[in-house]
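The two complexes that follow have subunit A in common; it is paired with subunit B in the first and with subunit C in the second.
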Partner chain A sequence: MSGFRLPEIDRRLVFAIVAAVVVFPIFFRLSLPEVPSTIVMNVFDSVESLPAGAMVLMPMDFDPGSEAELQPMARAFVRHCAEKKLRITFLTLWGTGSQMIERVTKDVLIPEFPDYQYGRDWVNLGYKPGMESVITVILNDLKKTFPTDVSGKNLDDIPLTRDVRNLRNYNLILSVSAGYAGTKEWVQFAGDPGQIPVAAGMTAVQAPLNYPYYPRQLKGLLGGVKAAAEYESLLIKKYPRYEDQQKYRFEALTRMGPQTFAHLAVIGLILLGNATYWINRRAAQGGA
Partner chain B sequence: MKRTVPLIITFIVGTLLIVAAFVPHYPFDKWNNDFNEFFNIIQAFAFILGGANLMRMHGRRLVERGAGAFYSGVCLAGFLGMMTVGLFKLGNPAGLTGDVDVTGSWFEIGYRYLFSPTSATIYALLAFFIASASYRAFRAKNTEASLLLVTAMVILLGRTFLGPVLTGWLPPSLSFFEISNLASWFMSVPVQAGNRAIMLGVALGIVSLSLKVILAIDRSHLGDRG
Partner chain C sequence: MPRQRLILFGALGLFVVFLVYRVATGAMVNPLEGGPALGMWVAALLTLCIFSFLAGDNPFYKFAEHLFVGVSAAYWAVKGFWNAIVPNLMGKLLPEFTANTAIPGLRKEDGTLPAPDLIYVLPLIFGLLLLWRLAPKGQWISRWSLAFVVGITAGLRLIGYLSSDFVGQVRNTMLPLLVVGDGGLLWVDSFNNIVIVVGVVTGLAYFYFSREHTGAFGRMTRIGIWTLMVTFGAGFGYTVMGRIALLVGRLEFLFVDWLKLASP
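So, the complex of A and B:
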């Protein structure tokens, strides 16, 4: 006769648990404290150390699938650069990236920084196919691949880009990416050969693949919503006007509630899975 | 001739690009840029080829009414619908000369209300499958599985505020054992070492394969299976 056995949990019950733990903090708007890690602080410091007017290239290489994870980072980067009065150039190597640029500029840059002028303080070069070969070309000649901005205006007629020859004119590349082509390519084909500092934000699954470049080739990196929340907390601490959470939406901090509860649910499920395995194994050995 | 000319082109282009990588001066830097420009132009043709291939694959499945014909129909409808709306700027308030994705255009509406939420939903479904897989896969069946389990638990806890809360009371001399620090250590030492090893291996493999292609030892790009 075999001993006490625990039944395996039905897959649908696991799904229901995950749904419940994700929905609960969304409804109750649970926000949790964040302690910034060194790697996140390094990204923050890379931006913070730049003088007003410095040039920042912000490639937005992601799509709507990873928007929930990366748009908060993009917004935090844009807010930080605008606070520092840096001059931002947006571009994307992803066909779906143009809308990501549009969203961050329309939702954050234009309404929150009305003094920031298109053409003088920021410019959008839009999308160009070619992945890393685009990077290779613009490293030496930006206007060869991007003769105009996204609206078709010649870069020589835009004050911000008039004197820009190539990527070496930029003080920092602040990449936000979800895969290929992304941060890795910006490091390999622009940062390294052009000696341009690169810092980045990326999805959590992509972060381990980019760790080998940290800290020499990559000044710092944000991996997933957790790191974005840490960056947001640094931003709030440094610029007190962001403490008004009714006026300014910090999505990563909000999303950490569901993520934390989901992680706890996964931990609980792992423990339960192990308990089931060991109890059933013992029961099987006892019955053998 | 049919085989020799492509092999000579491969050899010349490959050798030039290698030299250009190590000699970033005129004329090599110019040639490097020109070749990359050629690549960008060729890649633009790949879009046409890709579109045609998609039409052929799903069109055949739809005509034959085989398994998944309905999904092929949805795929083709989405592809042709968005392409037509985008190319001819249908429903675009800015007209034919305006941006394709100007606010309020059909293209922008399709992107915002169809493509964007669908992509986000599919990505979000991962959370459910990861939770289910974690329950079944992370079991301490042997030493390797136990190590994986411990690492997963540390990383999971380290990615939440609970990490610092649970072990924040440790004295400074034991701060390494704080869960958030342990999670960072896992990411920056073992993960980094493993990834670097894989990357170096891959890079050496690419160098070896590239040399074989340049020197015409490997001719698989010409359809040679030998």
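So, the complex of A and C:
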């Protein structure tokens, strides 16, 4: 045993293993059933408990780099809000967030909810630079920073925003964020000072940083694609029309197959790495 | 030519033949159609360029990286101009001019326009002072604007952190260790609260260095470091999940949307 040593694994082999375990379930569409956790159910209930016509602010503070994680959440939130007939205001503090809003409205809101009218049921305010300064200003005066919507129409001429004065007119802030500025800033500069309920979906990396706000400062949070899949499963359970998986694409649920296999591979590689280290150390001690 | 390079070029050639065949048979979208089809091809090829870094630094990766930096710089400049300077500076100082030339929507449907807001002369002056940095002399003048930006940001964030992260978190940690409901003691809730309170107290104790970490206090700090380790582990696990999700998203794009080898 003392002379036996395991070779170090070439990092390219690790890449190949991870790629293989991700690609395999994509081809065979392997996925697993999801059991929603309490923290995800709390986000769902925050939306579900709102009456029809309630105002929801949906900041989409992310970019294409985190789209794989956050676009499924954004779509699930939009579907849920539209099912509940809530009035949605989109905006973003990220320069590339405008395209993310455009994608979710063009792919989900407009085709799946043809009765949802722009200006009456939803509005897109677009992007504004300034991070938390923007939130601080719109907490007291929305139209000071956003005089027009994304297409340049005056907010006073849009039925949904005509009577909106500031963020306190909203019943819920449903943030989708990938970092700074994001959920943390919406809690710090809008939710807490304005006493406005905040629920959020965020990247997995962001989740541990925002957990301390739950449950008092954040009603609930979705961390990463796993939580998005749980939210999608809740949506399917509550609204049976979404059971038609041919018609409605639920990306997070389909991505949980590759995700699970990749996690198993990573766990296996961690165990292998530790075993290699342990065996080689024993061999070195034995040879010394 | 080294053998490794020959294999690489051979594989690339085969891949190109495969793509041409797929496009010719209508199995994939044709980039010559332009519009979204061309966009998809550009996105797919740039993704492959970035992935090529896994095999080592190479000209394809460098090309994609430089393209990204250049496009981003231009994108941010244009976005900043049209989303901040035009509506929030010009629109406030010269509403009529801005409505006539850039944003007709500033004028309401009844024809009224907001009155010029002269307080916005101040951000204009500070903005110009910031640009003084580019002048051959007197660059120090730009520091006034920077000082303003730093001061405002520091003040804003200080208030945000004090109220939400400090006071808010202290409040969030003041939890009953034994939670009693209608049916008696709620074991799970009580356990959760005990974990939170013990974790916070022992974690803070670990960072108290005015006393040696020995004896009972040392045992407490040991629990604190274990709490920190569990937190780091959870953070690492979440990070792995996030990175894998990005990989899944990109591979889905390549195999499902672009190559159309797998069904959506």
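Note that in this section the second predicted complex is superposed on the first by the 286 of 288 C-alpha atoms of A that agree within 3 Å, B and C clash if a C-alpha of one lies under 4 Å from a C-alpha of the other, contacts with A are read in each partner's own complex, and residues count from 1 in each chain.
Heads up, the rule we're going with is that a residue touches a chain if its C-beta (ideal position, glycine included) is under 8 Å from a C-beta of that chain, and two chains touch if they have at least 3 such contacts.
Every value quoted in this text rests on a predicted model; they were computed, and no experiment measured them.
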Which of subunit B and subunit C A:Arg249 touches, first, second, both or neither: second
First, second, both or neither for A:Thr38, with subunit B first and subunit C second: first
Which superposed partner A:Pro114 touches (first subunit B, second subunit C, both, neither): neither
Touched partner set for A:Asp157, first subunit B, second subunit C, both or neither: second
First (subunit B), second (subunit C), both or neither touched by A:Gly130: both
Partner chain in contact with A:Val22 - subunit B first, subunit C second, else both or neither: both
Subunit B versus subunit C as contact partner of A:Pro7, first or second or both or neither: neither
Touching partner for A:Ala207 - first (subunit B), second (subunit C), both, neither: both
Subunit B versus subunit C as contact partner of A:Asn274, first or second or both or neither: first
Intersection of the subunit A residues that touch subunit B with those that touch subunit C: 15, 18-19, 22, 65-68, 96, 128-130, 133, 136, 145, 151, 193, 204, 207-208, 212, 224, 226, 259, 262-263, 266
Subunit C to subunit A touching residues, read off their complex: 54-55, 75-76, 79-80, 83-84, 87-88, 91, 103-109, 114, 152-153, 156-157, 160-161, 163-165, 168-169, 171-172, 231, 234-235, 238-242, 244-252, 255-256, 261-264
Complex interface listing, subunit A residues touching subunit B: 9, 11, 14-15, 17-19, 22, 32-35, 37-39, 63-68, 96, 98-99, 102, 128-131, 133-134, 136-137, 140-141, 144-145, 150-151, 193, 204, 207-209, 211-212, 214, 224, 226, 256, 259-260, 262-267, 269-270, 272-274, 277-278
Residues on subunit B engaged by subunit A in the complex (per definition of touch): 24, 29, 32-33, 36-37, 39-40, 43-44, 47, 99, 101, 108, 111-112, 115-117, 119-120, 122-124, 127-128, 130-132, 134-136, 138-141, 149, 152-153, 156-157, 159-162, 164, 180, 184, 187-188, 191-192, 195-196, 199
Touching residues on subunit A, where the partner in the complex is subunit C: 12, 15, 18-19, 22-23, 26-27, 29, 65-69, 95-96, 126-130, 132-133, 136, 145, 147-149, 151-154, 156-157, 185, 187-189, 192-193, 203-205, 207-208, 212-213, 216-217, 223-226, 249, 255, 258-259, 262-263, 266
